[in-house]
Structures are given as C-alpha cells and as structure tokens.
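Structures are listed in the sections that come next.
Shared chain: subunit A. Partners: subunit B in the first complex, subunit C in the second.
Moving on to the complex of A and B:
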C-alpha cells in the first residue's frame, strides 16, 4: 500500500513537471510566466526526489500528493493563460511596469481566466506556506530564491482579450495588495470601538447577554462591510490616479453588468453607484472633471472639428452618468439597514485618508496637464485611423506619450465617436470598435519600443560623446 | 509617376496630418530614410503554415469553407522584441512591418527586400504594390531561399518601401484588409469570381454502389454493403 502511494505521488510530480516544462516553452509577452514555470519544474523535481528517498513516510507522501494536486497543479492554468496568444500581449509589459512601480520588489503575470471578472492572486506566498513541513527549510530557501518576494497573477475575462480599453481595470487589481499596508497604518481597535458605540445605540435588546452577543455579531458584520468598501475604493482611487478619467469609463463598463447599482454585493463590495460617485469625486479633486458642469476639463483652445464632436458627446455622457450616480439611491438602500448605515458612515469618514494614502502609494500620477497636452493630439490620430502612439509634429519633432493618454484617447474616441454609430449601423460599429482596439494595442507596442530604442540611442550617444 | 527622393519623402513625412505620408515609428530617420526608399522593420507576430493539416489548398471551394481551411492551415506565433525567430530554408511565413503606414491619395509604393538580406536568401513581399490611400501595417511574405536557417529578430530592417507619386485624379482606396496592425490571413476568398473558375470541378460526382472495403470519409458514413453512394471524383489541383 505504502509503495503504491509513493509511486502514485512520484508519478503526479513527474506529470506536473512535464506539463510545466512544456508550458515554459510557450511564447510569453514577458519573462515572468516562464520564470514561474521554471519554479514549478524545480519544485516538482525536489518533491519527486523527496518521495523517491527513503525519508518520506506514508503520511508525508500523502501530504505531498495532496500538495501537488491541490496547490501545484492548479497553478499551471496561470502559466497557460499568460501566453502571448491568450493575452493582449503589447499591454502586458506596461501593466507589469506599473505594478512594479506601485509594489516595489513584486512581479506580475497577466493571464486570462474563464470567469467574467478581473482579479488578483499572489502565487508565491500560497505555495510557500503550504510547502512548510514537506521540505526542509534549507531546500525551500534554495527553491524560492529565484522567485520575487511576491508574484501576482492578474486575471482578466478571457474573451475580452483584445478589449484594450477595458483593461484599464488592471490598475484596480494591481492596487489590491496595498490594502494590508493601509490597514496596518490604522488603529483597528479604535475603529472597532467606534463601530461598537454606534451599534449599541441602534441595537434594541433588553437582555444584557443577548444584547452583547448581538452587538458583537453586528460589529463584526459592520467592520467587514466597512473594510470591504474602503478596500474597493482604495483600488478605484489608485486606478483613477494612474489612468485618470479612463478609470471611471472602465469601471462603469463592468458596473453595467450588475443587476443592481444600489446593493452591497454578496462579497461585501460597495454598491456600484457608490464607487462610481467616489471616482467622480476623485476626478473632480484631481481637476480632470469640472465640479460644477461635470464635464471634462483640459481641452485646449480652438480644438479642430473632428475632436469637438467627441468632446460634446463625452461631455453629454459624463453629465448623464453624473446624474445617475448623484441619485444616491444606493445610500437610501444602505440606510434601510442600521448596520450598513453604521459601516458606511464610518467608511465615509475614512475616505479622505484613503485618498491621501492612495496618492502617496503611486509614484507617477496622471495629471490633467499631461492629459490636456497629449490626448487631443492622439484623438486627431485616431480620427485619421492612425495608432495613437506618439505626437508627431514633424519627423524631427515628436514626443513620447503616456500609456494613460493612449488609453484615454481610445476611451474618448469610443464614447464620443463610435458609440453614436451603434444606433445607425451595428456592423460598422463593430468593425470600428475592432479597429480602435487594434490601433490602441499597436500604439502601446510602438510607444514601448520607441521609448526603449530612444533610451538605447541616447546611451550610445552619451558613450560616443564621452569618448570624444 | 516618379520616385520620391529622400528630400521629398522627408517633406511628405512632415506634411500636415490630413495630407501626411505617415510611417510610424521611424526609430532612426538617418538610417531608415534613403534616397528613394524607407527601410521597414519586422514586427512581432508571424503566421505560419501547418503543412500536415492539408494535402492542398484549393481556392475555388467557396468562401465559407475556404475561410475555415485557411484558418486551420495557418496559425499565429508572437515573439517579443530581442527574441529570435528562425526561418528555415524554403519556409513561407507571413510577417508584418513594425511600422504603421498611411499613404496620401497621390503616393503609392513598392515593398522590396533589402538586398543585404536578399543575399542571405531572405525574400520578402511577393505582393509588392501598395495602393495610394492605404492605411495599416503591411503583411510581408517571408521566404528563406537560402541553404541555412536564418535567425530573424522583431525590429530588424528587412524590407524597403520605394515610394512614388501618382498622377491623375485620386480614386477612393478600397481594401479587403482594414487598417491591419498584424499580418493578415489570406483573404483570397474575397475574389468573387473564384467559384466560376473552379465550377467545372466542383460539379463532377458519380454514383457508385458500396461493396465493402475502405471508404473515403467524404462519401458519408456509416454505409452498408449494396447501398448507393455519390462519390466526388474531383481531380486534385496543385496548391495556390
């Protein structure tokens, strides 16, 4: 029996190793998936050796088998989903760069998933924790030394691969791991005390024991909802700091899939209306949106006709959306439940702190002045069916643009120029949206290589100058 | 119609956006813009042929079927910059230019191999003419006619665009390839007349009685002995 358990575990390690070794050869847009595949190969090899050695007993062999089946094998789908074929390849490296700037020392892997969702998951920590007790510490240290301190898989809905504009939501996912840093900086005991005091006031129960039980339950519930609300808002805020108005557009695109804009979700995410309203507020604070007209700021004087149409449509769109989110029906829904009200009142008081924390966490902010300088020029290019990769005044005078500007121009073009086409001719609409996605992804690719090439050329130039 | 000189190419590249000859990016203008031509770079996506899937490719078999067969016959591979792509002798691969282009209505172009690569056996672009008004990346048909495998890297300059002016009233450019940014699968099925030319062979069928033994899959299964079947006896054509 023990021999069979051992041979079975050995075989599993071998099969997973083989699979990971095959996946490692896939073309990937960055080096991170292959790095992780190599790690899985090494891990399986170590476990195989451990099983083969006489040291592994019956229980340990079973635990290794379970570890392989439950923890290691499921990670293969992350590698497979991260191949160039399965991802918006040109966007992957820029997204990883943003992640690495926000979370120093961490690495990212963008991959598709079958669920219609954007999500984030840390891979190293999970495996490291589960491996304790299965391999000696020295061997574990050797194994993990080539992996970054944290390796995050950022997932996107599979069939949205080419929908470059929607992938602005990657910034939201990149921001999630910052939650712990934020929470660590908070006085949790004081927050619980504050919630408790408010909940005691709204809990009607005469029996002191029952009241205590009920208050404890309600405080836990309120604290969970408060925290979940703040964490989502933190990520939304970071997304808005990185990408500006596109964060609002991309979030709304996901929000419209919900049957209710006003309810707290089953996993305690705040109502969509609440989140969109908060992003609006951030955009107003950061001076992207005018707080009185709710229109975009930053259009230069005398914009050409081809862009003024886009501006009008986008402004109308924003005014309509602002009307929707300022309806506050979500708050009326929240206030129906005293626990939710306590949780959201407390969350509301914490929002300025969240905004401050978010602003400090992002090294490079997307500003209205950059938006104003770059986006109108890129819109002109999109209008001429050119990729919005660069501002090219002339052959000699041209200018690198931010990823956020490329995506912003794409969003404004879609909302302002393509959305009105839908009601006129759906075939043309589909064709034009496809073209837009292609041009935006191409622009990202070109922008990246232009920057890299220019850096290299400058280095060479500096080198030659030094020699002279 | 005359070739555009280096000076004229630069002038066209600096025109106002609506009238401009766009070639973006030109990473190194000094190196890439020559007397009468602009060097073009290789992009990151390739379309390869899956030879084992098909005995031949018959372009006259109807749009839908041909569309499916072309997709099965070819597959995409993406490479990163700085990552090699090996082109073996006699292999045909579709690549694309890194540069996205927009031609004004009075400028056309020919895409040619760069002679330094041609001498190593690399031939590109059998479809060499680019219409005035065209917008997009250009698909390059890469063939290695040499004796040894060639290692290519996305970003290297493999082709040259010879530009010329077009005289007369400019027409509206129509293409079956809309603003491509990657190599495109063949859309030969867009030739409406193809079925006409292939008509003779698509109609030939004969009736036969099944007497057991090996059945061709396209005769329809399952069959019992004595059952009447229609067999397609179309002669095989050579690949396009």
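Moving on to the complex of A and C:
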C-alpha cells in the first residue's frame, strides 16, 4: 500500500512539474509569473525526492499527495492566467508598481480568474509555512532563495479583462497584505478578552463547562467577523487614498451584484452598505466629497460646457448613492444577532485606528488638488476622443498625469457622459464604452512609456553632468 | 468538527505530526539528527499553541501572551476530535493542562536529551501525534473538497 501511495504522489509531482515547465514559456507582461513557474518546478522536484526517499511514511506520503492537489496544482492557474493574452497587459506594470511602492520588497502577479471577484493571495508564505513541517530549513532556504519575500497573485474576473475602470479594485487587493502589519501592532489577547467579557453577558447557559465552550466558540466567531470587517475596511480605505472617488465607483459596481447590501457574507465580509458608507466617510475626510451636499469637490471655477453636464450627472449619482448608504439597514440587520453586534461594536471602535494606519501606509496620496488640476483637463481630452494621458499646454509643453487621474477621468466620463446615452441608444452606448476603455488603457500605456522615457533621459542627463 | 478554511497551519502541523508519528513508531530514539529535531520542534510549537488556547478557555491567567484566534480554534478542535482530550476535559480541566504539558515537555526532551524520555510519556506522545495527524489529514481532504467546489473549472482552463 505504501508503495502505491508513493508512486501516486510521485506521479502527481511529476505532472505538475511538466505543466509548470510548459507555462513558463508563455509571454507575460512582467517577469514575476515565469519566476514563480520556475519555483513550482523546483518545488515539485524537491517533493519527488522526498517521496522517493525511504524516510517518507504512509501518513506523510498521503499528505504530500493532498498538498500537491490542494495547494500546489491550483497555483498553475495563477501562472496561466497571468499571461499577456489573459491580462490587461498595459495596466499590469503600473498596478504592480503601486503595489511595490506600498509594500516594499514584495512582488505582484496580476491574473484572470473564472470566478466573478477580485481577490488577493500570497503565494510564497502559504507554501513556505506548509513546508516547515516537511523539509529541513537548509533545503527550504535553497528552494525559496530566488522568490521575493512575498509574491501576491491579484485576481480579476476573467471577462472584465478590458474593463479598465473596474480594475481600480486592484488597489483594494494590493492593500490586503498590509493586514498582517496592522494585526501585529494590535494586542490580540486583549481584544479576545474584551470580546469574551461581552459575549459572556449575552450567553445563557447554566452548566459552567458548556457555557465556557459556547462562549469560546462565539468568541472565535466574533473575532473572525471583527477581523474580516476591519481588514476589508482597511483595504477600501487604502483604495480611496490611492485612487480617490474612483474607489467608490468601482466598489459600487461590484456591490450591485451582491445578494444583499445588508448582510455579513458567508466569508465574513462586512455588508456592502457598511463598506460604501465608510468609503464615503474617507472621501469626505479627504475633502473629495462635500460632507453637507455629498457632491464632488475640486471642480475648477468656470468649467467648460463640454464637461459641465458630467459634473451635474456625477453629483446626482453621488447624492443618490449617499442616500442609499446612509439608510443604516445593515446595522439593524447586524444588531439582530448578539455575536455580530459584539463583533461590529468592537470593530467600530477600531475604525479611527484603521484610517490612521492606512494613511501612514501609503507613500503617495491622491489629493483633491491634484484631482482638480488634472481631471477636468483629461475630461476635455476624452470628450475629443483623445487618450487622457497628459495635459497639453502647447506643442512643446505638456504635463504627465497620475494613474489615479486617468482612471478618475474615465469614471467621471462614464457616469456623467455615457450613462445618459444608454437611455437613448444602447448600440451607441456600447460603442462609446468600448472606445472609453480603449482610450483609458492607451492612456495608461502611453503614460508608462513617457515615464520610462523620462527616467532614462534623467539618467542620461545625470551621466553627462557627471562626465562634465 | 473541521478547522476553519482560514486556519493557516494545516499542512505545516499535518506534515510535522505525520512525520513525528512515523519517527516515534520506530521506538524510543537515542540520537536525534538535526532534521528530526526540526520536526519535534514544530510539534512542540503546536502543543504550545494548544496550551495557550486552553489557558484562554479554562485558565485563570487573563492575559495570554501573544494569543491568536487560531490557538483557541485548535484547542476547541481537539476538544471535539481527540478522544483523550475529550475524556479528560469531561472529568477535570486541570487534567487537560497536565496532559498537554506532559506532551510538550516530552517534545522538548526529545529535542535536547532523547535518552531521558520516559517510555510511558513517549507512548502518550505517540498516541497524541497519531491522532492529530489523522485529524489533520482528514481536514486536508476537506480543504481539497472545498477548493474543488469553489473552483468548478478544470485547473488549466480558467
């Protein structure tokens, strides 16, 4: 039996190795997927050696088989989904750059997935931790030496590849890895004790042992819900700091698909209404949105006619959404369950700390003054069917713009100029949205090329200056 | 009861306890190579977390140092799945602490001075790692089942 288990595990490792070796040859927009494919090949080789050694017993071999199928094989999808053909290639490099600025020493791999969701997964840590129980430290060090300290796969819904504006949600996913830093700065034991004290008050059970067991289960449940709520809010906050109002627009487009705006999801994500309300609060605090009228701030005086319609439509949109999220029906739903109430009361007390932590974590904030300077100009370019990649003052003088401004102009154009077209002519609407996506992606690509050119020119200039 | 899908160390402790079960099945060890010390060290790390979880649930120490929700989870998991833990918990909470403390001390001794390990304590430790390795393998099967349900498409055609 042990030989059968061994040969079966050995063949699994061999087949995964072959697939990874083939995938490594695909064209990718960055070097990270090929690097990871090479790592998977090496890992499989190491596991084959371990399986073939006389030291591997039956339990261990069974677990290696499960590990290969459950944890290693699924990573092949990550590599394949990250190929140039499968990704919005021009957006991948800037997104990876944002991630690498926020998380120094980390690398990213953007890939498509079949599920309709944006998600993030750290690939190195999970495998490394699992192997701590299997391979000696010296072998693990050799195996992992070429991988970055953390490698994150950021997944997006497959068929939305060309929907550039929706990919603002990448910022939310990029922020998830900061969770651990935040959690490390918290006194977890004190939080558990605080939850325990509150849950003891709402748990009715006469038998002391049963009561302790029930309290512990409920504390674990509340702790998970509290943590998941805070982590989602942390990521939403960072997304709003990086991309401004676009974070709200992009998140709302995903929220529309939810079965409920008011319930905690099966994987403990907070209600959508709760999350959108929090983003509104961040945008108000950061002065993107007026806290009394709920309209967008930052429009310059005397905006041209071609974009005044956009302003009116976007303001109406924001006022309507604000009315929806301030309904607080999510909180009424939460309060129906005493454990959820304890979890969210505790999470609510931690929110100011989350906002402070998020602000400190992002090196470059997108501000209303940059928005105000760049976005109206970019809207004019979109209005003329030009990619919104720069502000042109004259033929000789033009100004590079932020990625956040490119995406903001795209969103405002879509909400303010194109959505009204939908009610008139759907074919024209589809055509115009396609054009908008192409223009936004082109702008990102051109902006990236321009930045690269400027970097090289500066280097060259510095080199000449040194020689002189 | 299964561990939650978010329990982070399923495979680490699964491998460590599986390997420890194999190693201890060969009888009382006299010399422990470095690689095997790492296995016992990972097992003692697991038992330390179980003890922390126990302290949170039953203990008088209000502040358990560096306690994580997973520590509580792994302890309640054992209360539900491990025959010995279940039996001891029904009679005395202190017995539960003594039982895990003894296993913890045995692992520590296996790392530093394997010749000094008492046969009876080694037997208890062997039984414990066998039981928890089987439970964790079951959990890995459950993890695989869940992942298959989550990802309906074939692995290479996303």
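By definition in this document, the second predicted complex is superposed on the first by the 393 of 468 C-alpha atoms of A that agree within 3 Å, B and C clash if a C-alpha of one lies under 4 Å from a C-alpha of the other, contacts with A are read in each partner's own complex, and residues count from 1 in each chain.
We take it that a residue touches a chain if its C-beta (ideal position, glycine included) is under 8 Å from a C-beta of that chain, and two chains touch if they have at least 3 such contacts.
It should be emphasised that the depicted structure is a prediction, and the values quoted were computed from it without experimental measurement.
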Original post:
Touching A:76, do we find subunit B (first), subunit C (second), both, or neither?
Top reply: second
**OP:** State whether A:180 touches subunit B only (first), subunit C only (second), both chains, or neither.
**Re:** neither
Original post:
Which holds for A:119: it touches subunit B only (first), subunit C only (second), both, or neither?
Top reply: neither
Original post:
Per the overlay, which chain contacts more subunit A residues, subunit B or subunit C?
Top reply: C
**OP:** Quick one: classify A:453 as touching subunit B (first), subunit C (second), both or neither.
**Re:** first
**OP:** Applying the touch criterion given at the start, work out whether A:219 contacts subunit B, subunit C, both or neither, answering first, second, both or neither.
**Re:** second
Subject >> Doubly contacted residues of subunit A, that is, touched by subunit B and again by subunit C >> reply: none
Original post:
For the complex, which residues does subunit C have touching subunit A?
Top reply: 4, 6, 8-19, 21-22, 25, 34-35, 38-39, 42, 56-58, 62-69, 72-73, 76, 79, 89, 133-134, 136-137, 140-141, 143-144, 147, 150-153, 155-156, 158
Original post:
So in the complex, which bits of subunit A are touching subunit C?
Top reply: 19, 55, 57-60, 62-63, 66-67, 69-71, 73-74, 76-77, 80-81, 112-115, 126, 129-134, 136-137, 158, 188-190, 192-193, 196, 209, 212-213, 216-217, 219-220, 223-224, 227
**OP:** Quick one: which bits of subunit A touch subunit B in the complex? Just the residue numbers, please.
**Re:** 27-30, 84-85, 89, 380-381, 384-387, 389-390, 392, 394-396, 431, 435, 438-439, 441-442, 445-446, 449-450, 452-453, 457
**OP:** Show which residues of subunit B lie in contact with subunit A when the two form their complex.
**Re:** 10, 13-14, 17-18, 22, 24-29, 44, 76-81, 83, 98, 100, 102, 135, 137, 155, 178-182
